[in-house]
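Structure, as structure tokens:
In this document, chain identifiers A, B, C and D correspond to the written order of the chains, with residue numbering beginning at 1 in each.
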């Protein structure tokens, strides 16, 4: 890091909720006004959000930046109201406050030299980070084809596909129960896609751990580049507690590894280096 | 207590909020459907309410029964959203759940043989318990005159006076800033009332501790019966933790006292027996 | 689900309970108030409020204060004495199909022994819990709970005074709780109960006064659960007698954690204040947990925790 | 308000800080990440992550778990060693107008002394905090923190190796923390820091495994505040050297409680994770508290708590 002592490149404060939107099932979109984060966040980065005023739950939770408004004044994140923080979030309304810190973490490597085809592979809420990525590619005028392979439990949990299509992303959907798209897992879509021998693709994968692992295995077998966005349990989210460590290869020997921090050395990592 | 082993006379469960109403300032009315409590509660009794799902705040909080619907299916309580539990309550909507236990505590002694004039003396949120008392006297067809002396910070904090008037209660109001009724304290209203030599009145007083103490002093000086409803810090609210103790006279000697539980031996106590 | 197949019967040494859920001393008084909410026969056992030879007035108020996910108390063992317990409280409790455990407290070993002798003859008293760890009275913590040989002396004196099952209750405010558990085992205890409260305090920055008249109090509730669970795990591995797990149990999930850590039974304390129906809900929840996994008995999970990796 | 009048300058023995708020070891790394949020010169001092002679890889994950109003951690002192600290971390920290305190950790008294010798010569290291209380490494708790004479030996060795201010950091997992504080005072410590974490554990009832690979971890956060505050109060009355208060401080109100209890300065640990701006907000909050009461200095409130009745 070469940043200078005085320059703030992360921001943390209480901000008001600008708006909320229920997308289906327990999935909600929450927009906050935070111009500094909206202006500097990159796709794949996340924010830490504390919804409770009290100390239970105590720690903020990580949420991927889902979209940024055109004037970069507000940004939104997607959440599923299942756990203690997210259920509290769902009781909040516009005007209520949240404590937000960001932008955090390493973004997706979306530079043109990485690949010739961009493939987002999303499982469930793993979709959260990709809309911003697609928006960014579009804004940059990136000419490469962008594809989304998206799996979820059922039609109810498939969200935002309209937005992806509007951005010119080719979407393929699979659901466990077949209620939307193909019946089956997203890894099925991925197998078929890679079997079609695409030209120098890179996979960007986000979703539950078993799906990440399966996707990484498929990518390795097919020799495709693969970046995983990990949803590791986090303490601080900004690199200081060393509590979110993942095992990363530093060579080929059995002891050639080091513990890296998922929050700053990730959450996006090269699948080839991750030791499960 | 003579209750039999199997007979439930208190009730505790998660119930849905039937409705909420904002009365002014930070004061809200919250109604829950809980037929057993609505049917058996008496004026001056309270319920314990836990608004948070998590453990901060941990303990339920005591709230007086403010009113009971005609069919005794629901009851309401009044609260001011200032502390951690009450601010969480204010974020809830109809349908959300609360954990409610009651009815708890000793009611106001409102029997005809206690006095010839019923005088409610309320400071701020101390008003909460008296509407139910006035309703109950009306329902019983009690012929005695009922009077409310009511003080608060300002007009904004004076609530429900219309309801009292509809029940035939004679209301006198004082505010600290003179924005409604007389400018001054409710103890001023009380002094004047007692100076008018009413016929065998009993005072039922609820409000902040300094006001209770002042009212008790005035009552003693004038020889009027005086019952105080105490807002003591509580643990269990039902008599088991012995954490809410108040010092009560058992005789006239300096050591003639015992620690009683504000939650079951109160919250309504005879002012003449309380040691401050 | 085959919840019907599950049998929650639990044996703590010679003491047999219908299920492993008890209510903790000082958080359930003598049962009367909770009997207005639910049938006390649903409980494995009731541990009554700390009882001394003579009545005690307790500490002056304020006696309790809420903290983050917990509460401080300094009740000072207010109670009407063992005679009043036998005459006025025990008959009520005997109506229920549950076990009654009396939590006894004294100033010297002789007082504990005297209490044990008195209670030894009482029909309907199923066991004694020896409270040598109450942090809120002068002779509590320092003398017995902080010194393994004093612990031994008290437990030994009680052991000689009664053949009823005895469960010393240990303080967490020590460097190594296993040493105390071993002293109790050697003195012939049937089981050990742990933990009592951690000593803590709180200050009102507005008045600049302590929140409790007693200055310090006992910290209980979910905040202490990780410490309690660790001590139960350590102790269960250090002694052969059963361990009764206590500390921050509010839900069935909490109780199952303690069973997995090695507790044979659990006590619900502050949880009774958080949710007055906590104890019977925990009984049902444990049954459900076992049934969902096709298990028949709490003993199928006691001490069955494994390492994460 | 005359907040302009308030002077937060704080003296911990020979160490002078611009204000009494430090960040606690292990919760602020080496300052770099927080420097992206605010100017580190706002802080009284920064206590860096526990540093050993040789690099340590730390414990395998999972290393942290959230509990009721707290968290468990078992990082295992992952760090790049003292040489890397001097070459790569210290130069960055020296740009700021704050104090740098190095938290040192070793396996034997000789290692602590060696670290002290190395750091003695480092410009920009203002003091050493001696971590003899880390519960998550083999030689932590049992050997030094649980035994007053071992504590004396380590502090004495460090004292002989450096003239820089030294602050031993005490474990709360003991029967009487005052005994350890007195041992430190006798060995020539300039102050004592307390508390480190309480040892705790948690279990995943779904997988029936411990939540931490290390089985147990250190409990921190608001849940431990009542215990920390009690120990600070007791210790401040038992020794003449200053006490640095740590444990569950998230807001200025929390910090003021510790000052009232007798702490000369405070450290913010888990609070940095709860609210990354906690430390500078606490500095401002203390200033406001003093100003509102017409007080000029933290020393006007240190130890000024009174009994409730």
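We take it that contacts are C-beta pairs under 8 Å (C-beta built on N, C-alpha and C of every residue); 3 or more make two chains touch, one makes a residue touch a chain.
Everything numeric here is computed off the predicted structure, so don't read it as measured data.
**Q** What's the chain with its C-alpha centre farthest out from subunit D?
**A** When every chain centre is compared against subunit D, the largest gap points to B.
**Q** Just give me the whole-number Å value for how far the CA centre of subunit C lies from that of subunit D.
**A** 34
**Q** Take the average of all CA coordinates in subunit B, do the same for subunit D, and state the distance between these two points in whole angstrom.
**A** Going by mean C-alpha positions, subunit B sits 47 Å from subunit D.
**Q** I'd like to verify one number: the distance from the centre of subunit A to the centre of subunit B, where each centre is the average of its C-alpha atoms, in whole angstrom.
**A** Chain centres of subunit A and subunit B, defined by C-alpha means, are spaced 52 Å apart.
**Q** What positions in subunit D touch 2 or more of the other chains?
**A** Touching at least two other chains: 60, 62, 68-70, 221-223.
**Q** Among all residues of subunit A, which ones touch two or more of the remaining chains?
**A** Residue numbers touching two or more other chains: 54-57.
**Q** Please classify the inter-chain touch graph. Allowed labels: line, ring, star, complete, other.
**A** Contact pattern: complete, every chain touching every other.
**Q** What residues of subunit C sit close enough to touch subunit A in their complex?
**A** These residues of subunit C touch subunit A: 68-69, 222.
**Q** Spell out the part of subunit D that touches subunit A in their complex, as residue ranges.
**A** Answer in residue numbers: 26-29, 32-40, 49, 57-58, 60-66, 68-71, 73, 75, 78, 92, 95-96, 221-223, 250, 270, 272-277.
**Q** Report the residues of subunit A in contact with subunit C in the complex, numbered from low to high.
**A** Answer in residue numbers: 54-56.
**Q** Can you list the residues on subunit A that touch subunit D in the complex?
**A** Per the stated touch rule, the residues are 1, 3, 5-13, 48, 50, 54-60, 99, 101, 233, 235-247, 258-259, 264.
**Q** Could you pull out which subunit C residues touch subunit D in their complex?
**A** For this pair, the touching residues of subunit C are 60, 62, 67-70, 72, 146, 173-176, 198-203, 205, 208-213, 215-216, 219, 221-227, 229-230, 233, 248, 253, 256-257, 260-261, 289, 301, 304-309.
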